[in-house]
Structures are given as C-alpha cells and as structure tokens.
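Two complexes are shown next, each including chain A; its partner changes from chain B in the first to chain C in the second.
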Partner chain A sequence: MKFIKLKLKNFKPYYDKPGIKQEINLFNKDRKGKNLTLNIGPTGHGKTSISEALLWCLFGDYYYNNWEEFINTLSREIAKQRKVNKINISVELVLEIEEDYYRLIRHGIYDITKGQKVSDSELSVIHAGEPISNPIGFVGNHFPPLELMTYFIFDADDILKKFEENRKRAIKDHINKIVGVEKLDGMIESLEEVVLSYDKDIRNIEIGIHSDVSDKIGEKEKDKAQKEEAINHLEREIQSKKEEKQGLFYSVSPEIKKFSELVDEKDKLEEEIIKLNKQFVESNIVADMDLLLIYCIVDDAIEKLNQKQTTKEEFETSSIVIKSSLGKDYSGIFFDDKKNTCLIKVGARIWDEDLDNLEKLNLKSGEGIKSNSMSTFKKYKKKISKLKLDFEDYKNDFDGTIKALMMVENKIKLIGDTTENRELKDKLKKYNDIEDIIRDKKEVQHEIREKKKLIKKEIEELRNELKLNEEQKKKIEQIIKKQNETQILLNIAKKSREEFLHELLSYINKTASESLRSTVKYEDKQRFHSIEVDSNYQFRVKQSNGKALKERQINLGYLQVSMMSFFFGLSKFLGKKIPYVIDDPLLRLDPGHDKRLIKQLCKTSDQLIFHMIPGKEYTTDSFNWLKPYINIQNWLGREEYKGLDYISYAECKDPDKKIYFNIDKF
Partner chain B sequence: MSKEEEDKILRVIKRVGKEQKNGDLYFEILKKIFCHISKYENVPLDGRVQNIKDIIENFEKLSKTLDYALKLNKEGNDFGGK
Partner chain C sequence: MYRPFDGEKAVRTVRLKKDEGFFKNAVKKLGFKNEIDLVTFCVAIALRKEYKDKTLNKKLLTSAKKLVGMESFDKRDLYDLIILEYLNLREGRLKEFETYFYTGFNILKEWFKENNADLRSEIERLSAIWDYVTRGNGQDG
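Take a look at the complex of A and B:
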C-alpha cells in the first residue's frame, strides 16, 4: 500500500484558498524503488496536522469526536465576514493498493451560526470512479484498528519519552495493546484472590471453634508468608548478583575473553547440577527410593554370597537380618534363573510356577512369603528394573557433570594463581567476592526454607488441636477441595498467559534483535547483539554470549536505538503493510545510529513518510545519506493571509537537491 | 478488546487446559470467568472474587449431572474441536 496524495480543505492550518495548493504529494510512481517521502518544515508549519488529517480521514469521529476543532480558524473568520452559515472541512487521501487506486474522502459540515457541527463526518471511498458500498469495511479490511495505528503513525520523540519515564509500564502497555494480555492478567489476579479467600473461609471456621488456637494459626500463616517473601527477595538478589557476575569479564583482551569462556562453562555446569537435582526430586526415583535402596543392598549381599564360601549359619543369619530389614512393607525376596532379584511387597500375589524359585531363599515355611494363585508380582519386577536403569542414567549424568565442573574450577584456580594480567586478577577477585555473596545468600535462603517447613508443621499440629467435629472437618475438606481446583484453574491460566505471550515475544525479540544488530556500529555488534523482553515485561539487551548487560553498561544512545528496534518489532508483528508516518524520526537518536536505523527501515518498509525539522533533523549531512531513498520531498511553508492568520502550504521540491532555507527566519 | 482477540486467548486456554484431566470442564469454567472479567472490569476485586467462587461452585454441581456431560458432547466447542 502507498499513500499517493493528500488533499486538505480547511483542515487545521491548511486553508482552502484559491491559488494555494492544498495538495500534498506523497509518492511519485516514476521514482519507484525509492520509498522515502520527506515533509520538511519548522515547528508550527503543519507537519503534525498531516498525521492528524490521515487519522481523521480513516477513522473520523472515532478518532476525534470534536473535529470542529480541526476547522481552520481563517476559514471561520472569512465565513463570518462573508456571512456564510456553513463551512466544509474535508480530507481526501489517494492510496494505491496493488496498483489499484482508491480515493478516501472524509467530509464534515460545520454550522457557524449554531456553533456546532451539522452531523457526524462521513466517509466515502471511490474506486474506478464509483463509490464503494461499505467504506467503513474498506478501512477495517486494510488498516489495523485505531488504537494500533499508533505503531504506524507516531511521534518518535513521544515514544522514546514514554520508554524513558517508565520502561516496564511502556512495554506492558504496548504488549497489552497488541495482544490484550491485561484481561488475562485480570483473570489470574482474581483467581489468586479466590485461593486466598478460601484460606480466609477456613480460618473463619477455625476462629469459631477456638479463637486462641485460630489466632496462633493466623500468626503462623503470616510468619510463613513473610518467610516466603524473604525467600523471594533473596532470590531476586541472587539473580541480580548473577547478572553482575555475567558482565564482569567483558573485555577486548584475548586472555580475559578466553577466561570468560571458562567462567561461562562453570555457570552452565552449575545450572545443570541444579536442574539435575530438581529432576531427581520430581522424578519417580525419589518416590520409590525405599524400594531402590533395599534392592541395592540385597543385590550387593547376593553378589558377596556368590563370591565367597558361606556356611549355613551365616546364610541363615543373613536371611534373618535381611528379612527383618525389609520391615513391614515387604514379605520377601525373589530371584530367578537369570539372577534377577526382586523384593516382594506385602499383599503381592505370586504365580504358582514361581513358587519353586522362592524356596531357594531357604526361608522357613510360613514366614515371610505369601502366595496366591494370581500375580501382580511381575509389575514390581518390571518397576524395579526400570527404576534401576533410571537411577543409573541419573547417576551417570550427575557424576559426569560434577567431574566436568571440578575440572573447570581447577582450571580457573590455576589461571587465577598464575596470571600476571592485572586486569584479570582484579576481575577474578570481584568474581570470587560475588560468588561468596551468592553462597551466603543461598545459605540464608536454605535456613529460611527449613524454618518455613517447621512453621508448616506447627500449623498442622495446631489444626489438630482444634478438635473439629465431623461437620466442620467436612466443611474444611470441601473448601480445601475447591481451593485445590481453583489452584488448577490458576495454573492453567498462568500457563496460558506464558504461551500466549510467547508467540508475540518470540517474534518481537527476534525482529528487534535483527534491527538492533543492523543499527549498531560494527565494533559493537558482539556487545549489543540481541534484545529480550520476557513475560514480566523486563527489557534486556544481551551480548552475543547470551549475557545480559547491566543498565549502566548501556549508554543512552544505544538504549534509544534498542527501544526503537523493539517498537518497530511491534508494528511488524501486526503484519500490516501500510506506510509509516513518523514525526521527528531523527530528533533523539545519536548521529550514526539515526543513519543506520533509517537506512534499515528504508530497505524493509514499503513507504516511509518523515516529518522533519530543518536545521535539526534535515541538514546537509542527513540529506546526503537520505538522498538515495528520497521519492518526494515537500517544503511546508507558511504565509500570512490578509493580516488575519497564517496558512500552511506544501511545495514539492526537487528530490535530488537539498532544500535551502534560512534558519534565521524561523 | 475485540471478539477476535478474546477468542484467540480462549483458544490458548483450551489448548493448555486439554493437558489436564477434566480439561474440558476446566476450560468451560475459565471461559465463563474470562468473559465475566471482560464484562465487569470496573468491578472491584473483592466483588469479582465472590462471583468467581459462585461460577466455580455452580460448575461443580453441573459437572456431576449427566445432562451437562451430554450438553458438552452435543455442543462441542468453538475452540479447536472436541
């Protein structure tokens, strides 16, 4: 899609005066391949009015209901003088879509005598000389909704200001605007409150029974919540220290770069160990650990029996010891011709044909092993075999990772002890200091977790003291059941939010990162490598090694470029190929950054329309690097009319020559 | 928020809910809660909490009846098939 021309009649500073062309050419099809339109003019000459005209043309009263404020003041004066009752205001946009032309005409009538608009403005869309039947539908099909047009028609200075005032809020607002995640956040917040509300319901029942005990429970619950908050706070501090650690070894020195790789490897291995521990705790290995441990002991005992001569007494003693060690859960041990060993759980039923093998254990009859005609025994045999394999796999992974970590730690220590590099010594000292701080914080975290477990146990004991009657117990059980169900709903909602945002954020992070890398200087490409916004709206700039830069490591110029890269990623996500109309595109960007960012936009966008201030953004230097892309350039001038007011006009200039202006006149 | 955007969110909730046992039931509850939130976004939090608890409790009762199960099967759903 391309904007070809804009015709303005009595719209803001564009007065419909004979002899003054109120047409603004936006695209010259004879200069295809060049897609940049420049509207150059000092402040107050009508640049922003062009953006407003476009939006009013497309969305009318929905964009701005009080459009009578758009009526050119001169036209009101002159209409009064000539005793004309009504003023017409209109904006016509000619656009091209796949080589087909459309004229969108927004028109309104204002009654001067009554001081109000005659009616709502109207839109017509003319195609091949005929009006189409559904002009509103035409706009709906080809343009995003009004609230999303801000990603195509905007003031770059305003966008950057909002990011700088409150970055997280700005990112949240943008993401919510595009995918509407705020409603989902609202649902999650409400479900969290419902879960807490069930806690209150339980407390109310408890208070009714024994207020002292209930008060104690309440205090303990508060204490537990405070401990949870302390654990979370420490976790945030630990993460912050980890990020500080990550940025420590950035340097151009090859020795430090190589050392940095070792440190990265150490961090990865430590993360791997945490992950393996977590997997172990959540796995079925822990759930069936008693089975596995006894199995390992028995297996070992049998191997020893096979290796040395054993007297009958020794064997009988061992059998009794093992049998007594099995405790109340297991009634015996089975092993077959293939030397598979299995424990027999109490209540397990054994195949008749297996009974003969059981005799090999030489247990006295009537003791230990029970047999019936059916068997679920094989289930346990299979379970233990799998458990054994899982444990072996886990153990190999864990041992391998520990071994690798020890090797890397030794290398780091060796380099630290032997290096003559002063910078490296200092950085290593800081690194070790941070590691100590992290270790201390983790220890404190662990202590608090242990205390929290104790409090939980105390709460359970206090609850037992309450001596609830059956009805109360049943009520509390029902509430807990509903609370658990609500927790499941909450987990689904949270997971949905993650998935929902994931698509948007994956795309934007990728697009914004590509934009950033194209914009930064060559020597900074490794440092300012990618942008990452996460589901908590945290914005990070990352190096090529994946480490995030701290705020103080990013200068303002690069931060602005990163913000704009993110912003353009948002509009690309919308997937609408409509022109960008940008006020003050170069005002806030550093020289060099502006050139690279704009060059990149010129290559990737169908049409760009820039509103630039002469002397500040439009200079000889900027014209020279913009020149290869310029399709049309308009000078927005202003002239006084009959001593009444100024009116603006657009004058099309040679796109291959810089427009000369006298800055002192502004 | 447009209907299209709401439907998109509900589609994701349906897909995630399917991973859960009784996923269809949970989806129906969340759909109702989500629509309630959309409709009454200016209602204060504590007001919404009681309404949501009512929704959950009503569905619990409904889910126990055969009628509801039949209704669910008959109507299918709009978000990715049965």
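Take a look at the complex of A and C:
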C-alpha cells in the first residue's frame, strides 16, 4: 500500500485559499525503488497536522470527536467577515493498493452561527470513479484499529522519550495495546464476578429454607466475602509497595545505578523462583515424589548388582528389588564363578560354565502375584522415568537460581555494609523496610487465604446438612452447572492471556533481534546478539553467549536502537503492509545509530514518510545518506495572510538536491 | 482373583493431635494436593532410608484413623507389591505399610524441626528433603 497524495481543505494551518493548491504529493510512481518521502518544515509549519489529517481521514469522529477544533482559524474569521454560515472541512487521501487507486474523502460541515457541527463527519471511498458501498468496512479491512495505528503513524521523539522515562511501563503499555491483555484482564475480572454471583444465587435459594443451618451458611459466606476483600486489599497494597520499591533507585549517581541493577537482579531472581515453584506445584511431580524415591532404590540396586564384590546381604535385598523391576533391559541375574553377581542383559549370551549357576537364581515368574508384579513395575517404571527427568530439570533450575540469588543478596549486603554513600545508605534502609512490609503483608495474606479455605470447606459441609426439596436441589444443580461453564470460560480467558503474550513476545524477540543485528556495526554484532522482553516486561540486550548485558555496558545510542527495533517489531507483528508516517525520526536518536536503523527501515518497508525539522534533523549529512531512498521531497512553507494568521502549504522540490533554507529565519 | 491389599478396607493415617497437626501442615508446606500423597511419600522416605543406611528405627502406628477407602488409593497395586516383595510377606501387609509410613512420618517431622524455618517454598523444601533422604546420612528418627 502507498499513500499517493493528500488534499487538505481548511484543515488546521492548510487554509483553502484560491490560488494555493493545498495538495501534498506523497509518492511518485516514476521513481521506482525509492520509497522515502520527506516533508521538511520548521516547527509550526504543519508537519504534525499531516499525520493528524491522515488519522482523521481514516477514522473520523472515532479518532477525534471534537473535529471542529481542526477547522482553520482563518477560514472561521473570513467566514464571519463574509457572513457565511457554514464552513467545509475535508481531507482527501489517494491510496494505491496493489496497483488499484482509491480516493478516501472525509468531509465535515460546521455551522459557525450555531457554534456546532452540522453532523458527524462522513467518509466516502471512490474506486474507478464510483463510490464503494461500505467505506468504513474498507478502512477496517486495510488498516488496523485506530489504537494500533500508533505503530505506523507516530512521533519517534515521543516514543523514545516514553521508553527513556520508564521503560518497563512503556513496554507493558505497548504489549497491552497489541495483545489486549488489559481487555482480557477486564474480561477475566467480569467472569470472576459472574462466578461469584452464582454463589449468591445459590445462597438466595438457601435463605428461603429458614433454618439454623441456612443462617450459619449466611454467616460463613459473609465471613468468606470479607476474607476475599481483605486478600484483594492486601494484594493492592503489596503491588503499590513493589512499585515504590522499583522507583527507589532511579538516580543519576553511577554507584546507585550500579546498585539498582543488583536490586533488579535480585527481584528478577525472586520472581523466577516464585514462577518455578508455581509451575512445580501445579505439575504432577509433587504427587509422585514417592515414586521418584522408589526409583532411586531400584537404580541403586541395579548399580550394586553391577558392581563386583557384592555382599550376600546386599544381593538379597537388591535381587528382590531387581526381580520386581526387571524391565526390557535385563532378563535375569546370576552369580559368576567368583560368586560375584551379574545382570543378564536381554539377548546376552551365557557361557556354558555359568549355566549351572543360573539354577540358583530362583527367578520364577509367569503366574499369580509374580506375573502381576512384572506388569505393575513396568507400568510405573515408564511413568517414573519421565518424572525423574522433569524433577531433575526443576531441581537444577531451582538450585541454580537459588545460588545466583544468594550471590546477589551477599553482594547487596556487602555494599550496604561498606558504602560511604549517604544517599545509597538511606535508600537501602528504605528498601529493606519495604521488603519487610511486603513480607509481612504476604504472610498475613497467606494466613487469611488458609482461613478462607477452611471456611469454604465448612460451607460445603453445612450445605450437605441443609434439607433441600427436589425443586431446590434441581435449581442449585442448574446454577452450579452454569457456574462451572463460566469457570471454564474464565480458565480459557486466563490461558489465552498467557498464550497471546507468549506468542507476541516470541515474535517480537525474534524480529527485534534480527533488526538489531543488522543495525549494529559489524564489530559490535558479537556483543549485541539479541533482544529479549520477558513476560514481566523486563527488557534485556543479550550477548552471543546468551548472557544479558548490564545497562552500563550499553551506551544510550544502542539502547535507543534496541528500543526502536522492539517498536518496529510490534508493527511487523500486526502484519499490515501500510506506510510509516514518522514525525521527528532523527531528533532523539544518536547520530550514527540513526543512519543504520533508518537505512534498514528504508530497505524493508513499502513506504516511509518522514516529517523532519530543517537544521536539526534535515542536514547536508542526513540528506546525503537518505538521498538513495528519497522518492519525493516537500518543503512545508507558510505565508502571512492579511496580518490575520499564517497559511501553510507544501512545495514539491527536486528529490535529488538538498533543499536550501536559511536556518536563521526560523 | 488376587486384589492388592486384599481384605483391607482403608488406608489410615495419624490420629494423635500433635501428629495430626503436623500431618496437615506438612501436606500444605510440601504442596501435596491430597493427603494420601504425603502418606506414600513417607513410606518411600522410610524405604529409601532403610535401603541406604541399613538401620531403620521402625515405629509402629498405634493410634490411627481412616484416611481413604482402599478402592480410592490409586497406588495400592504398587505399594502392595513393594511391601510383599521387599519384605517377602504373604500377609499382614497393611500393617507393614503403616509402619513404614509412620517411620517416614517421624523422619520428616525431625527434618522439619531442623530445616523448615529457612525454607520459603514447596520446591525448596522438597528439593532439600530429597537431598537429605537420597544423599544425607542423618539419623532416621
């Protein structure tokens, strides 16, 4: 898709004055292979208005309901002078989609005497000279929803500023926008309410019975609800304390910054332990820990029987275990001529002289209990082998994380004990206080949860005592059925949330890493290998060996490039091939890094429209390296009109020559 | 036809108040969803200790109460077999099973007394118990 032309009528500074053609050419199809449009203009000359015009054209009142504010001030003034009642405002966008051309016209009428819009703005789409029947559907088919247009029409300076102010928050916001985690959270919350409301419905039936038991259930339910409220209240307090803790070490002091990294690392490791523990408890390993111990005995027994010089006592114990656990690997055991015990592998050849000894084995099988034994052990052995591997994985991960955590905690303690930095000491004291508060609150929360569980159990027991008639029983059964169905939906919503997030993060991490690798200089490729954003919205730049770089190891320029790689990864995830319209693309980026990132973007995008400030972003240097990609260059000028205001206009310039301007004039 | 733990109606657990309190607490602290899982875990601890250290101070479960019916005990075939084969018994199997349970239960109790305070999660506790039972040479109660 390409934006070919934009026509503006009374839109912001683009006054519809006879003699000024308010057209902005955005693409020249004769310049093949070049896909960059530059709109160059000082502040106040109408650069941002172009982005706003595009969004209003596509999304109308949904983008900005008070669009009357877009009406050019000169046109209002002149309309008053001429006693004209109504003002027309319009934006027309010519689009090319797979060599077909479309004209999108957004039009609005404003009644100046009444001071109100005549109606909502209207969109029409013309294709091959005919209006199409569903213009809004056309936009819906070819563009993402308005909130996701941020990834195609945006101000790069604002985006980077937000990343620099609070990276985690910015990442979280972006991910929420794309995956709709917040919407899913809202849905989860509503479903939880519905599940609870069914409890109330059941309660209403029980109240009708008017018995002591019913009253008791009522009291217990009330108690349960209070406990639930207390748990949620504590959760909010814990979250707020966590945020307070996170903000504690924002500082320019290098010592505090370094310390802040340690604290972040500690928090991250603690979160990993919680996550690991949660997965472990939810797995089926815990319930089968006994089987793992039994497996250990069998393992040891086989090992012992494989060793020489096994004692008789050991043999007897081991052989019993072995007899029961012989699987597909071994067919039996025997004493060799030196009275050592040996295992016979399936298919192994037994020497003649050993054959006599085989009689001593007494390995009877095939009937009664013994034949059951064999199948029982085989059944469990298969299950346990997998469990054992899973448990070892969890245990290794856990031991490694705990070890890392202890090291970080020791470092924090050491710095706390030895630092002379007063600010750091104060912050550390606050940090420890907050940690204590969080721990206490969690303990209280845990106790309340346990009490709530008990109450729930008591309620169930009381319900069993309640004498319900058949009709009431049936009603309750129906409610419980509905409650269970809602619970299923709730579980799906929760699972979807996790899966969407996982899918997005995998994609972004892959594409952003590719983008980073092709952007960074050759000699730095080894250092900056990939970008990783985890489900806690933590952002890391990783080296080739997989280890994350510390923040102080990455300069601001590379950090910005990484952020923008992440940001462009988000737009790629949306899978829409629409032009990028970017305000101030080079304003904040570090010179040198900007060149590589933008060049890469020019190579991989269909169309790019940049709004640049002359002198600051648009310079001889930037023009020279952008030149191979330039399709169209527009100078956004303005002229004063009868001393009332300025009128902006776009002037198409030679794309192969740098536009001359006098910086002192602006 | 042969049935595991033939003739036995239920698996039993501790009844004394001090034991019962610890039992329920241990179920929670180790992350077991069902109480029967702690019973078999204790049996396995005792078996493992006996196999490793040779000496096991066995404790008889004298005061007990019903935990689950035998038909609901999913691992009955396995434990019936272990007790039967391991001890080469023909009868009295549940009694032996209970003895291993109560012995393991006391090993666990001792372990909790010494180690629980510093440990914060289920995985941490089970991992430490695992190391203690499979590698350690501590007294087994």
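Operating definition for what follows: the second predicted complex is superposed on the first by the 350 of 666 C-alpha atoms of A that agree within 3 Å, B and C clash if a C-alpha of one lies under 4 Å from a C-alpha of the other, contacts with A are read in each partner's own complex, and residues count from 1 in each chain.
Following the convention adopted for this analysis, a residue touches a chain if its C-beta (ideal position, glycine included) is under 8 Å from a C-beta of that chain, and two chains touch if they have at least 3 such contacts.
On a predicted model such as this, the values are computed, not experimentally measured, just so you know.
Q: Touching A:L466 in the superposition: chain B (first), chain C (second), both, neither?
A: neither
Q: Determine, for the superposed model, which of the two partners chain B and chain C contacts more residues of chain A.
A: Chain A has more residues touched by C than by the other partner.
Q: Would you sort A:E485 into first (chain B), second (chain C), both or neither based on which partner it touches?
A: So A:E485 only meets chain B here.
Q: Touching A:G180 in the superposition: chain B (first), chain C (second), both, neither?
A: first
Q: In the superposed arrangement, does A:I126 touch chain B (first), chain C (second), both or neither?
A: Neither: A:I126 stays clear of chain B and chain C.
Q: Which holds for A:K495: it touches chain B only (first), chain C only (second), both, or neither?
A: Once the two structures are laid over each other on A, A:K495 reaches chain B alone.
Q: If you stack the two complexes on chain A, which partner ends up touching A:L587: first (chain B), second (chain C), both, or neither?
A: neither
Q: Share the list of chain A residues that count as touching for chain B in one structure and for chain C in the other.
A: none
Q: Write out the stretch or stretches of chain A touching chain C in their complex.
A: 273-274, 276-277, 280-281, 286-294, 296-297, 300-301, 317, 320-321, 323-324, 368-369, 372-373, 376-377, 380, 394-395, 398-399, 402, 450
Q: Per the contact definition, I'd like the list of chain B residues that touch chain A in the complex.
A: 1-2, 5-6, 8-9, 12-13, 15-17, 20, 26, 29-30, 33-34, 37-38, 41, 45-46, 48-49, 52-53, 56-57, 60
Q: Which of the residues in chain A come into contact with chain B in the complex?
A: My answer: residues 145, 179-181, 183-184, 186-187, 189-191, 193-194, 197, 482, 485-486, 488-489, 492-493, 495-496, 499-500.
Q: Write out the stretch or stretches of chain C touching chain A in their complex.
A: It comes out as residues 2, 28, 30-34, 37, 40-41, 43-45, 47-48, 51-52, 75, 77-78, 81-82, 84-86, 88, 121-124, 126-127, 130, 133-134.
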